[in-house]
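Consider the two complexes below, in which chain A is the common component and chain B and chain C are the respective partners.
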Partner chain A sequence: MADQLAPRLDKEDLRLLIAEVLDVDVAEVTDDAHFVDDLEVDSLMALEITVRLEKEYGVRMQEEELESIRTMRSTYDLIERKLRETS
Partner chain B sequence: MNLPAGMLATDAVVTGIGVVVPPGTPADPGRPWFDTRARLGPRGYKYLPAASRYLLAAAREAMADGGGLDLVPGERRAATFGTNSGSAAVLDGMDRTVADGHADDLSPAMAPFFAINVLGSRPCAEYEVKGFQLTLTSPRVAGLEAMEVGLRALSLGRCSSLLVAAMEDGPPGPASPVADGPALPEEGAVAMVFEPPAAAAARGGRWYGACRARTAFLPPHLAGTREGQDRLGRIVTDLLTGLGADRPLPVHVIADGSAVGETVAAVLTAHPRTGPITSRTAAGLGCLTPMVRLAGLLAARTGDRLIVTATAEGNLALARIFDPGRSPC
Partner chain C sequence: MLIPIEGTWCLILGASSGMGRAVARAMAAQGANVIGVHFDTAAHEEATAQLVDELRGHGVEAHFFNVNAASPAVRAELVPRIAELSGGTGLHVLVHSLAFGTLVPYLPRAGWERGITHRQLDMTLNVMAHSLVYWVQDLVAADLLPRGSKVYAMTSAGVTQALPSYGAVSAAKCALEAHVRQLACELAPREVAVNALRAGVTPTPSLARIPEHTEFVDRATLNNPHGRLTRPEDVAEAIVLLSRTDSSWITGNTIGVDGAELYAAGGAWNPHRADAAG
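Here is the complex of A and B:
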C-alpha cells in the first residue's frame, strides 16, 4: 500500500498528529505500536484522536470504524479508505 | 498538649504548605512563568487546565512538606478546593470552538473540565483521596470557605486528613474593573495539608500552626449604611466567636477597595475583640490572595493572627491562625 495518498494524507504528518494528540515522542508512534497496550490510550483519548482526525482530514467516522484506530498503520489505512470513498 | 487560648483539640494543624504563584507582583497575565515539564514532569499534563497544573504542583509541594498521609487510609483522606476563575480559560475555549465551528469540534479530553469539580481531580487521584472532594466558588472567599468547610468535616471526624487549596487562572484577557475598582487576575495555587494535632504528634510530625475560618455575607447595598454597619457588627462578633477570638489579635486585611471591604475594615477597627490592622493587601480577581497571605503568615510563624477578606460582592471571610507551638508537650 502506498505511504502517500496525494495530496491530503501523508503518513509522517499523521504520525506527528497522533504523537501530538497523545503527548508522546513521535518515535514512540511506530507503525505497529498499539495505542492501548503500548501508548496507554484510554477511551477518552481514543475519542480525542477521532475528533482530531475528523477535523484534520474532513472525514466523519462511524462508530463501528473506531475500532480501526488502534495502531498507526490501521489508522492510516482507515483514513486512506475514507478519503478514497469521498473522492 | 498545651493549646493556646481559644483553640480546641479538634482544631487541625497545618503540616504541609505548597505555594505556586508567579514571582513578583502584581501578576502579568500572559507572561509565562510556570514550566509544566520542569514542575510536573515530561508527559501526561497536556489536557490538564492551567489551574489544575498549578494545583497539582502546589499539592505535591504541600504533601512533600508535610509527609503525613501514609498512615491515613484513602477513605479517610479528603480535599476541599476554592476557585473563581479556574475554569474560565477552558470555558472560553469551548465557547470559541462552538462559535467558530461546531460542538463536534470540542476536545473530548478537555470536556470533563466543563465541571469545576474536575479541576481538583488530579491531585485527588495522585494521593488517593477517596473520602470526599469538594470545590467552592464563592467570589474571593472560596479558598477560605474551602478551609472552613473542610475543617468542619475534619473536626467532626468525617475524615482524618485534609488537603485544602485555592487555585486560579485568570480570568483571561485584560484586567476588568469590578464594582468598586480595578483588580488584577490571579494565577497559581496554594495548598495546605491539615491533620488533627494528636495524629501529627503521634507520627512525630511538625506543624506551622492551626487554623479556623468562618464566612458570611453582607448584602452589598447595605454597605455604608447604618443598618449595614449594625448588621456587620453582629456578623463580625459571631464570626469572632466562631473563631475563638476572645482577645484582640493583629488583623491582616485583604480587600478590594469596595464599599463592603471598607465597611468591614471600619467595623473591625472599632471592634473591641480585634487588634490593630497590621497590613492591608489588595484583593485580586479570585480567591488566591487571602490564601497566599495565610500561607505566608503560617510559614513565617507570626503567631496568633486574623486574616480578613471582604469584597464588592458582599462575601466576607475571617480566618484565624493559632500558634500551638512546634512540638507537642
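Here is the complex of A and C:
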C-alpha cells in the first residue's frame, strides 16, 4: 500500500508547493526551517498552506493537527500519516 | 428611487460565516444572486455546501469560491468570472466582511511572549482594510460597479477602543473607514454609494477568536439598551434595506447597526440595575 502512495507524496514536490505559497526561494525551505520563527509565516499563510495541502493531497486536517504544520519535515510526516490512514 | 433587489447580483467577501453568511442568506431570500468568497479548511466543506443549497432553494444563483480574497492572483481570476456570471450587468452590492487578522499586542506582555511582527501587521491591514480598495479598483476597471450599486464594509467600535490583542485590527478598521470615505467621494460621479457598517458586539466565529471576548461580551450584553447583543441578521437586514434604492446620496458614512450600544453610558441601561437599586 505504501508503494502505491509513494508517487503521490514527493518530498521535493511538497517543498516546491510550500515555497510557492510562502513566496520564498525553495532553498530556504529546508527540512527543519521553522515556518513561523525562520520563514515568518503569519496565520493567513498558514491557512493558505493548509488549504493547498488539503486540495493537493485530498486530505482533511483536524484543528489539532494544524500545529504539526510547522516545518517541512513535520508537514511531510503529517501528510504521510494521513494518506496512510485514509488508504 | 426605490428598486427591487430581486435578480441583482451581490459579491460577498467572507461569505461562509458570521455577518457575510447572514448577508448571503438575506440577499438570497430577497431574490438576489450571490457570489461568495470564503477561505476555509476542508472541515467546513459540508457547512458551506449546505449554505449554497439553502441559497439556491430561494431560486437564485449561488456560486462560492474557497480562495484567499486578499490575494491579487485570486482577484485577477475572479473578476472575469463575476463578469461572466452576472452576464455583464455587474454587481448591485459588494460586501467586504473579511475578518482575518493577527490578534496579538504590539509589545510582549503577560500571556504573550512576543509582540506583533512587521509581517503580521501588514497582513492584517492588507486583508481587513486595503483589500477593499483593490477589489473596488478592479471591479471599476471591469465596469462591474454600475450606477446605483452599493459597497459596504464592516467596521467596529474597536476603532476607538483598545484591547490588548486588538491593536492591529483596530488600526485596520480605522484605515477601512478612511478608505470608505475616500471611495465614496471618488465613486460619487458614478453614483455608487460606499458606507461602513459599525455593528455592535455580535456573536460570530471571528468574535470568539478575540482572546478577551468573554469579558466584553458579558459587559456588552448588560450595556446594550435593547437588552441583547447585535445578531448577524441585524446587519444583513440593514444591508438589504439600504440596497433597495438606486440613490447614492447615503454615502461616505459609518452607520451604527448596534441598537445604540455605542452611546449607552456604561452599565446605566442594565435591565437588572433597577432591581439592584431596590
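Keep this in mind: the second predicted complex is superposed on the first by the 82 of 87 C-alpha atoms of A that agree within 3 Å, B and C clash if a C-alpha of one lies under 4 Å from a C-alpha of the other, contacts with A are read in each partner's own complex, and residues count from 1 in each chain.
What we mean here is this: contacts are C-beta pairs under 8 Å (C-beta built on N, C-alpha and C of every residue); 3 or more make two chains touch, one makes a residue touch a chain.
Given the structure is predicted, the values throughout are model-derived calculations rather than measurements.
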Touched partner set for A:Val24, first chain B, second chain C, both or neither: first
Which superposed partner A:Glu85 touches (first chain B, second chain C, both, neither): neither
Touching partner for A:Gln62 - first (chain B), second (chain C), both, neither: second
Winner by number of chain A residues touched, once chain B and chain C are compared: C
First, second, both or neither for A:Val51, with chain B first and chain C second: both
Shared contact residues on chain A - chain B and chain C: 44-45, 47-48, 50-51, 54
Chain A - residues contacting chain B, complex: 23-24, 44-45, 47-48, 50-51, 54-55
Chain A-facing residues of chain C, complex: 39-43, 66, 68, 70, 100, 102, 117, 119-120, 123, 127
Contacting residues of chain B [partner chain A, same complex]: 43-47, 104-109, 112
Complex interface listing, chain A residues touching chain C: 40, 42-45, 47-48, 50-51, 54, 59-63
